[in-house]
Structures are given as C-alpha cells and as structure tokens.
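Presented sequentially are two complexes of chain A, the first with chain B as partner and the second with chain C.
Showing the complex of A and B:
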C-alpha cells in the first residue's frame, strides 16, 4: 500500500460521482415507473371484478415471491432471447420497477381498504360518483396512510439497485469494485460504499418523516 | 425467432437446482435463527431506560437497514480478510445475513414491545418478579406470539435475500441457474424454473408460517 486512501479517493472522485448519479437515476426511475404501474395494479386489486382481481393478485404474489436478483437476471437474459433488446441499464430499471410495482399495489390495496366504510357511504349519500369518491375521499387518506411504507420501499429500491451491478450497470457497487481492482483498498472502499448508501437511504427516510409530519391530519 | 422450449436440460440438472434451493433454505434458516436472537436483545435495548443502550442499538438498526445486503457481504467476504478475519463463502454469507436480519427483526420486536400493555409488567412487579424475570417470563412469550404475523413477512423476505449469496459464488439456486443459463443457453427454461422454485418455496414457507401464527395467536 504505497498510496493512502485519501489519495486514491481523490483520484477516483469522478468515477464515484458518476456511480452515485447512476444509482440515483436507476432508483428514481424505478420508483416512479413502479409507483405508476403499482397504482393500476392496486386499483385492479381493490375495485376490479373477479377476473381482473385474480390477475392482479397473481401478478403481485408471483413478483413478490421472486428475489430481486432473480428478477434482474431474468429480465436481462430472457428478454433478449424473446427479441426485446434492452441495455443493461434499461433491463435493470425495468426489473426494479416491476418489483416496486408489486409492493406498491399491495400497499395501496391495504390503504384503500382501511378507509372506513362509513365515509364511502357518506360520500354516496351526498351524491358523489364512484370516481369522485375515489379521488376526493379514499385516495387522499390511503396515500397518507401508505406514505411510511412507500418510503421504506423507496429505500429498498435504492438498496436493490446494487444488484444491477451484476448485469454490468456501472453504479456505486461496480465503481467500487473497479477502484478496488486497481488499488486493493478493499475494506476502505466497500466501507465508503456502505456510507454512501447509508447517506442516501437516511436522507430519504428523513425527508419521508418530514413529509409525513407535514401532511398529517392535526 | 426459432426458439424452442426444451426443459430436458433442466431435468438433467434438477439435482443442482434443488441442492441450491436447499442451500438457500439452510443459510436463511441459520441466519433467521441467529438474527432473531440478536433482534430480541437489540429490541429490548431499543426501548431500554438507559440512553447508552438506546443510542447503540438505534445506530445499529438505522445503519444496517440503510446499507444494501450486497455491500455488507462484499465487505465481509473481500474486506475483512485484510484485517485478518477470513471466512469461507457460506459462513461469511450467514454472518452477513445474520447482521442484516438482526436489524429488521429488532424493528419488528420493538413495535411488539411497545404494544404490550403496561399493566402486564406491573402485575409481574406486584407479585415480586425482578425486571429480568418480567422480560423472560412475561414479555418475551407475549411478544413472540403477538408479532408472529409481521415476523413471518420478514422471514420470507430474508429467504429471498439468500439469493444474493450468488455474488460471492455460493452455489445456491440463483448461482446454479446462472451457471445452467451460461453453459446451455437454455435461458428461458433456466430462469422460469428458478422463478417457479422460488415462488413455490415462498408460498410453502408462508403457508407453514401461517399455521404457526394461528397456533400461537393470542386468543381474543
């Protein structure tokens, strides 16, 4: 070890920044897309007829039964065989989004079903349509209720984004492996990776807590 | 496209897949058992009256919950040998998963402890039990019975996390599947089989845990 940790850190700063950027990009896109898909699946799960409910339930349960790593590898390898050519980055985002959507749908179903029945009846009594009831009565309460779980899922997605390094997306983990491959400061740089992930996760958690307090019913 | 499904390869390597699944279960079971013990101790530290315990256990839980499992594993498997601690692949994975599990399980237990009615502890005090006796004989049995549903969700997700062991070449299910995929190019067959095995095991574990839950549930 001829050069110190901080020297090596300084030399590799741009690589690390790029890794952080990729990690955030992958996580953010997956969460946004996953939430969008998950909303629809969650609605089908709550309000659908028997058939759509069955489909949504099957989707949710199957995705939740498969480890994220297997989802990522499956999407990466299988999609190219059936003729859909996605880059590693796209495959990674797709699989994380699918994983996220299954969690969101389950959470949304729970949130919507927890809205007291009396409120739905009251909404009906004052003449709101189903759609109005959903937008103005059920959804705001459900969203407020699922916020803490949603934040947890977001942190899980950031953590899951480490696994896309295995299909060659150059995010924090893979950047660290490249750096370690050059200078062999294994412990220091993996600890640094842990610290970076901790800071990302912790700030998401704190922001979530803050938003939770802001939107709470006083 | 000209891709014909051919599961013959999978049949031939079914033994490897099941061996991998067994290894996953073994590692998960080991870590879950140890992690539950850690979780129990940490959970009582989280609600302890002493500030030092609260700070230390809180730091452990927040820290580990925000660090990806893969980083923990890479650190333990590749990093710790630099400091003179060398473990094999499976022990280091079990070590990593245990630390990881401990934080999640502690959080579940903490919720359970806070939900225990205050009167229960006071009743114990009234009949002359020490603090330790109250925890061991009253709080822990009540706690385990009440948090079982939340606990089984964590257990299932820890079983799924065992797949991450593939990154340090533990020959578990994901690793075997990737090997079969790369050796035979039977991509769809390999990954669909692995997914079916994982989903089926999760259902089976969930089913068994539901039975345990029903059995230990506190009657209303």
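Showing the complex of A and C:
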C-alpha cells in the first residue's frame, strides 16, 4: 500500500510541482494586484470626496458580500457573454485580486483612520504637506497596524485559490483529483494536498510574524 | 514695527453656534515671551491653534512678521489661501503639543530630521547635525537613536521641543506642554523652555503652571470666555490682580 503511494507520488511529481507552481502564481499575482487596487480604493475611502467615497464604499461592500466562487464563475462565464473572453487563469486571478482588493481597502481605511489625530497635527505643524504626511507619517503607522490582517488575507487567498480548479485551472487541488482519478489513492493524495496547503500557509504566517517583529514600533 | 513678530487683530472663531474666541487682539515683538492663563474653555488652546492654522477662524487677521497668514483678500473677499500656502505659513511657527505627538515609528533624531529633509530640503548630513545640535540643546545628546516608546514623557516632550526648534521658527507655540506629564518630570521640560526663552526666542505659552508663567514671561494674558480679560507684567497679573474674575481664578490655582 505505502510502496504503491510513493511509487505513484514519484510518477506524478512533475504534475504536483506544476500544481504548486500554478497555485503560488495565482495566489501571488492576486495578492499583488489586489493590494495595488486595494490601496487606491482604501485611499478613496479615507480621503475621497463624497462621490469617490460613495463609489469606493459601494465597490468594497458589494465585493465583500459576494462569495469568491461566484466572482470566479462570473468572470469566467458571464463576461464571455458580453464579449470579454478571459482564459481560466486570467479569470481566476482577476476575481481573486478583486476579492483581495476589497478586503485590503477596508483594512487600509481602518488603519489610516486609527492613526491618532495628534500625529497628523504634529506633521502639519512641522510643515509637512498632505502628501508627505501620508507617506512618512500615516502610512508607515497604518501599514504596521494592518500587517497581521494582511497576512491573514494572503493565507485566505491561497486557500481561495483552490476554487479556480472549478473553472479548469490546474492547480494543486485539480492536480490531485487527476492523480486520484488514475490511481484511486483518495485519502493519501488529498492528505498530501492538505499538507502542501498547510505548509504554504504556515510559511506565509511565519514570515509575516517575522516581518511584524522586525518592523514593530519600539 | 520691524520687530513685530506676531500681530493678531480681532480674532473670532466659533464651532457652529458656539463662539470660542470673541475678538482677541495681541501683539508680540521679537524676544517676547507671553504666557496665556485661564480656565479650561476660555479659548487659550484655540487661540494657539489658530496661530498655527490648525483651526480655521471666521473673523480677524493674524500676521506673522507683518504678513497675513491663512487668509488673503481676493477682490475684496476674505479667502482661505491654498493648501500649499497654509503649509508654508505654518512653517513660520513651531508648535509643541500637550501629548508630545512624536512619530512613534521614527527615532528621536529621525523625528527631528524628517521635516528638515522633506520640507527644508536639507541634506542627510546637515539634517543629522542640526538634530544632534538640538538634542544636545534639550539635554539629550545620546538619545538620538532611541525611539519615543523608549523615552520617558519628559524626554519625549524635550525631543518634541527640539523637533519644533530645529525648523528655525519665528515663533514658538507651547500648548499645555506639561499637562500630560508626571509631576516629577515637569521641571526638566520647563527648564528647557526657560533656557530657550533666555536665548531670545519669541514664545506664546499656554500653561497651567503659574510659577513657571510668572518666571518665564515678560507679559501674562488672562483669558476668560473667549476674550483677553487682563494683560500685564507677571507682577501685575499675579501680585496685583485687580479684577474679581482673575482673583477668583488665581485663588483656585496653585502658584
């Protein structure tokens, strides 16, 4: 039994590596793009005028209210109806990035609004402009505060990336299903999938904790 | 007139219907140290914050070195100046706050160099030198690398004073700078302020420390209900208080 598992594991090693690569690629791209978009939406939420705040608020609330799977299916199947044809990979990354951005924006807003008013006044008093105050005073403090939540979101995105298997992106989960379809070692390969996800998530969290400690305010 | 650093005429400020300043006029020459005393709600802090343009005001004119700040006349209409100009006007004054407001993510020296580099566009080396000079001036020569969280309240406030002075302001504003300090830390901060005053810096000081106000100032202002109720030399205010209102206030404060 166990020799059979290791034998099968050896045979499918390249598939698994590709699955892991795809999972990491999808997650990483989504987190980077999502953080980038989320920053802008978060800024609009915090500093925007009534109109931009309303738009940003609507975007954030609507996206956060929709299950990720629905977002993924929408981007893959619904957009093609109106002539936008995204590949499964593109649709997967887009939907996860958008999901991620809504969370980042809300986080950033919270972080920025939690910076004490006195900090902003002190920055003004020494003559920093609005933009300089943001870059050198508010943002560094807000980022430190949102780092733990951001790490959490990154782990959530990795876990959420399993869902893109449903539109045919061959990441870890779909690879395992394909392998199991060939050798019926259901328990072993799903356990392996679980272990791989755990290791990815665990490494992200450990790295996050390390960075948190490194940049902590003394 | 050439020595006139600050001139406030008929300053009025309200929050909604509530009028906080009801026409305050005040002039300061170079080297003047004026303490502002009065009960809470009398408008002392608001007056200071208006001079630093942290608050808008509805009526009146504030001039620093003869130039109006915060507002300008555009075709006969009182108009707020651009955000950029507000930032420039604000740089004329240095402000020290009750709650220190040091930037917690920056070291003591970085707290001082940030604006030197970003606002005054000084080089890294020059900024560091200036920071070290002012840290020495406030008695903290070897604390440059410490972070605010590693300093006592008194030390933090001294760094905050150094940060404001390093910008070479025309006028220093102190807003109840010892109110958040433990009693045993108050004197180290007051001593620093006294020594800066002795150097000829023009200072407007809102304080609850009556003895300090008596010792440091050449003029004392007693504010009551949004107006300057009394103004005079420390002796005139503290030793020969004439009005009932001032006497009542002084009776309730520790000298």
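By our rule, the second predicted complex is superposed on the first by the 215 of 218 C-alpha atoms of A that agree within 3 Å, B and C clash if a C-alpha of one lies under 4 Å from a C-alpha of the other, contacts with A are read in each partner's own complex, and residues count from 1 in each chain.
Everything below uses one rule, namely that a residue touches a chain if its C-beta (ideal position, glycine included) is under 8 Å from a C-beta of that chain, and two chains touch if they have at least 3 such contacts.
A quick note: this is a predicted structure, and the numbers were derived from the prediction, not measured.
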Would you mind checking which one, chain B or chain C, touches more residues on chain A? B
Now for A:130: first (chain B), second (chain C), both, or neither, which partner does it touch? second
Per the contact definition in the header, classify A:217: touching chain B only (first), chain C only (second), both, or neither. second
Which of chain B and chain C A:205 touches, first, second, both or neither: first
So, does A:59 touch the first partner chain B, the second partner chain C, both, or neither? neither
Looking at the overlay, does A:122 come into contact with chain B only (first), chain C only (second), both, or neither? second
Scan A:150 for contacts with chain B and chain C and give back first, second, both or neither. neither
Who does A:141 touch here: chain B (first), chain C (second), both, or neither? second
Can you give me the overlap between the chain B contact set and the chain C contact set on chain A? none
In the complex, chain A residues that touch chain C: 116, 118-119, 121-130, 132, 136-137, 140-141, 144, 217-218
Interfacial residue positions of chain C with respect to chain A in the complex: 52, 54, 83-84, 87-88, 90-91, 93-95, 97, 99, 101-105, 114-115, 118-119, 147, 149-150, 160, 163-164, 167
Please give the residue numbers of chain A that touch chain B in the complex, ascending. 61-62, 64-70, 73-74, 77-78, 81-83, 155, 158-163, 165-166, 173, 177, 180, 186-187, 190-191, 193-194, 197-198, 200-202, 205
Residue set of chain B touching chain A in the complex reads 1, 3, 62-63, 65-72, 74-75, 78-83, 160-164, 166-167, 174, 177-178, 181, 187-188, 191-192, 194-195, 198-200, 202-203
